[in-house]
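After this come two complexes, each holding chain A, first together with chain B and then together with chain C.
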Partner chain A sequence: MSQIPLSKYHLLTKIGQGLYGDVYKANILGTDQYVAVKKIRIYDVSVGVPITALRETSLLQRIQHQNVVKILEVEKIHGQIRVVMEYLKLDLQQYLNENKDRLSVELLKKFMHDILSGVGACHRLNCIHRDIQPKNILIQDDGTLKIGDFGSARVFQKFPQFFTSDVCDLWYRAPELLLGSNYYTIAIDMWAIGCVFAELILKQPLFQGENEIHQVKLIIPNVQSFQTVNLNDPNLQIQFNGIITNKLQNLINQDGLDLILKLLKLDPEQRISCSQSLQHSFFR
Partner chain B sequence: MADTSQIRDLLIREKQKPINKSNEFYLNDSQGICRRDILVQWIVAQSSQFRHSLKTIELAIIYIDTYLNYFKITQEYLQLLGISAYSLASKFNETEMVTQIKLYDPDGQNLYQNREYDEMEEQIIKVMGFQLNYITSSDYLLAMNIEINENIQSLLMFILLD
Partner chain C sequence: LLYIKQIYFTLQTQQNVNMSFLNPNYFSDIQSDLNPEMRAQMIDEVHKLCTSHKAQRRTFHQTIYLLDVYLSTNRIFTAQIDSIYKTCYFIASKYEEIYPSPLWRYTNDRDEMQEIFQIEKELLSLVDFKLVTASSYVWLNYYWTIINIAEKTQNWLTYSL
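After this line comes the complex of A and B, so read on.
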């Protein structure tokens, strides 16, 4: 007698490593459809179910949006929790590595529109993603972008609220985080989106710091002391705008450059939001 | 301020919880208090030693109520349910809170085994459908720009207890 399979999914190959466990490509038994299965690592004593897994499953089930990766099911097999998500074989980082050509303005508009819509959907539900980077933006076969990996995401009630400052990949980390602030807002996601936008144009990351100090110096070159940096100093912003404009001005139209400069405001208070960005003349 | 007799009247009045009529944890005993309320009171008392936000308590109580409406548990595990729900809520909602909260008896002995904490935690999240994110009363108040002062905090606590 054949054994009844315990799981609907047959794990194929390991395709990556998430914050809380390995990710596998899997096949839905009896079909030719694929899914991504995240196995939650056996947890340490007195930690219980990892916080990252709890937040990812909780938030993804709430955020239903065409530009956010879909969670299909959470199952428990052999005492192990598995998170089943839709399978997207490409992410934006791989895409940028594989395509050496410059992206057309039309494609840039589409990509940015998808990213801003997806992240905007999180922000509307009082959720900060906190790890926006090309690796976490997935591409569907039809070219639609989807925001993934909500392991660092969290909900917030009001601002300012005390959070941990050790979030976001270094190259996409907003200046207020680099300066060690624990009271930040959804504006940190907007900075990261600005960095991704610039990267789509440059075909390489905008600021590639080797460590936190180096990263700050790339953004504010003549920084004297970290304690005295005043992010809403207009002169600092003018100087910074100069750096960005130098890097990008021949590669993108005026509207695009203007949007980047609005996303990359040093002062988080002045940074543009997702909904404002989507109204920007760049998309017209 | 309400005087003690008013508070007592509030506590023992007939409550509108028809869905819970058949659940023993929601039935009032001879003193007019049900065991679910005692558990919630205990959680609120325990939480005062952590400086956690009101939302953490609100979430924990949503988990407890959902769980009690799903499963029958014995009296001895009621405390474990309470503390695990609170652990989960604080892991989800607080910053720098990654470990489970454990209970000890007066002699410093573990009240429950480590395995039991993990199992209870898994059971709760399974009942919750792996979705711990809920909108609570304090979210609504903040959305309406109402500052949560001590009075409002006490009122919300009372509603939770009720």
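After this line comes the complex of A and C, so read on.
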């Protein structure tokens, strides 16, 4: 009698639908450890294995860091490909919705430190995440944050490199992307982190644009024409800093405000990097 | 420049990972039906595909890496050559391009498509989804970001690689 290979994992409930297939909560047979299993569904016959699946698994396997979601195994069973990852219950968005009261400065420091070191680990391995938002930041039981969902991440080979400008969630999209630039660097991740930081303080997204034009107008209020916007214009920067300061002044100390302003620089060249921001006086 | 040192070490480890999938003597060890000239022909075909689809340069290098990985583990017959290089190009273009070229542009045969999907699965589990490569083109890119050379020189170097 031939033996049919059996999965080591017992699928329990469906917890979500990813970009390229269903995500199940599962436990490893014989133990009470929980994992998340992504079934890669091949829905379009002419595409084969989906692009996002290719990129996510190939990148996540390289990045071994405590603040990035781990891939435990890629399992091939019954002709299906299953990606086994660690199971994390909450994401940051749900966390913010559940806790209505303001976060303490200590907690803010810890969260920002985790996010920055996780994203910094990606950048060091020459990879851009391109989709940082609270939904993609997961929380472990002990409060550690982990970056997840590398579906739109890319390896870059030189900077700046030619890519598509249609990445990132609209509310977290950097101004150079909104203006349609195809050459961008890891600085777009830093803008998104800045937005997430402001969201942690405000308890609501910083810029909630309805469409791309509205989003640009929120960032640069009195814009005349989109072709002539010059992002390294110091006057624009001063004006923009004024908006941010008004919004956040009473909610955060001076160091935190300074870090946000450094993350949310309009000019991508001047934006601070992960390793620099971890040295910032806010974390002392 | 930002993170330049860390990226150097990353590329180096990446290269070691890449090398572990390759067998430099695969013609004498595994392939009996194939000779180096046929590999050269395959690369020519890949190049034709890349130019006709206006693929980026890095797609071409990725394809050849995947091709070598496949050839260093599986013994193949002359009849399979077509579908194998097409699969490698298929994966590489999905991985690297903004708009990957659809499969129907280079196969019209239903059976061949099925075969391509089969080989794709095989190849992906072979490299364990580790598609990130440090090819010679990546290294060249890395060096010219450091020394900041003109575009004309870049194109010349790419051409001569």
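Methods note: the second predicted complex is superposed on the first by the 277 of 284 C-alpha atoms of A that agree within 3 Å, B and C clash if a C-alpha of one lies under 4 Å from a C-alpha of the other, contacts with A are read in each partner's own complex, and residues count from 1 in each chain.
Note that a residue touches a chain if its C-beta (ideal position, glycine included) is under 8 Å from a C-beta of that chain, and two chains touch if they have at least 3 such contacts.
Computed from a predicted model, the values in this text were never measured in an experiment.
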{"item": "Combined model on chain A where chain B meets chain C, clash or fit", "value": "clash"}
{"item": "First, second, both or neither for A:I238, with chain B first and chain C second", "value": "neither"}
{"item": "Partner chain(s) touched by A:I186 [first = chain B, second = chain C, both, neither]", "value": "second"}
{"item": "Partner chain in contact with A:H123 - chain B first, chain C second, else both or neither", "value": "second"}
{"item": "First (chain B), second (chain C), both or neither touched by A:S273", "value": "second"}
{"item": "Those residues of chain A which chain B touches in one complex and chain C touches in the other", "value": "46-49, 51, 54-55, 57-59, 61-62, 74, 76, 81, 126, 155, 157-158, 163-164"}
{"item": "Partner chain A, residues of chain C touching it in the complex", "value": "1-3, 6-7, 10-11, 14, 58, 90-91, 94-95, 98, 100, 102-104, 113, 116-117, 120-121, 124-125, 128-132, 137-138, 141-142, 144-145"}
{"item": "Interfacial residue positions of chain A with respect to chain B in the complex", "value": "43, 45-49, 51, 54-55, 57-59, 61-62, 74, 76, 81, 83, 126, 155, 157-158, 161-164, 182"}
{"item": "Sites on chain A touched by chain C in the complex", "value": "46-49, 51, 54-55, 57-59, 61-62, 74, 76, 79, 81, 123-126, 155, 157-159, 163-164, 186, 273, 275"}
{"item": "Partner chain A, residues of chain B touching it in the complex", "value": "53, 55, 87-88, 91-93, 95-96, 98-100, 102, 114, 117-118, 121-122, 125-126, 129-133, 138-139, 142"}
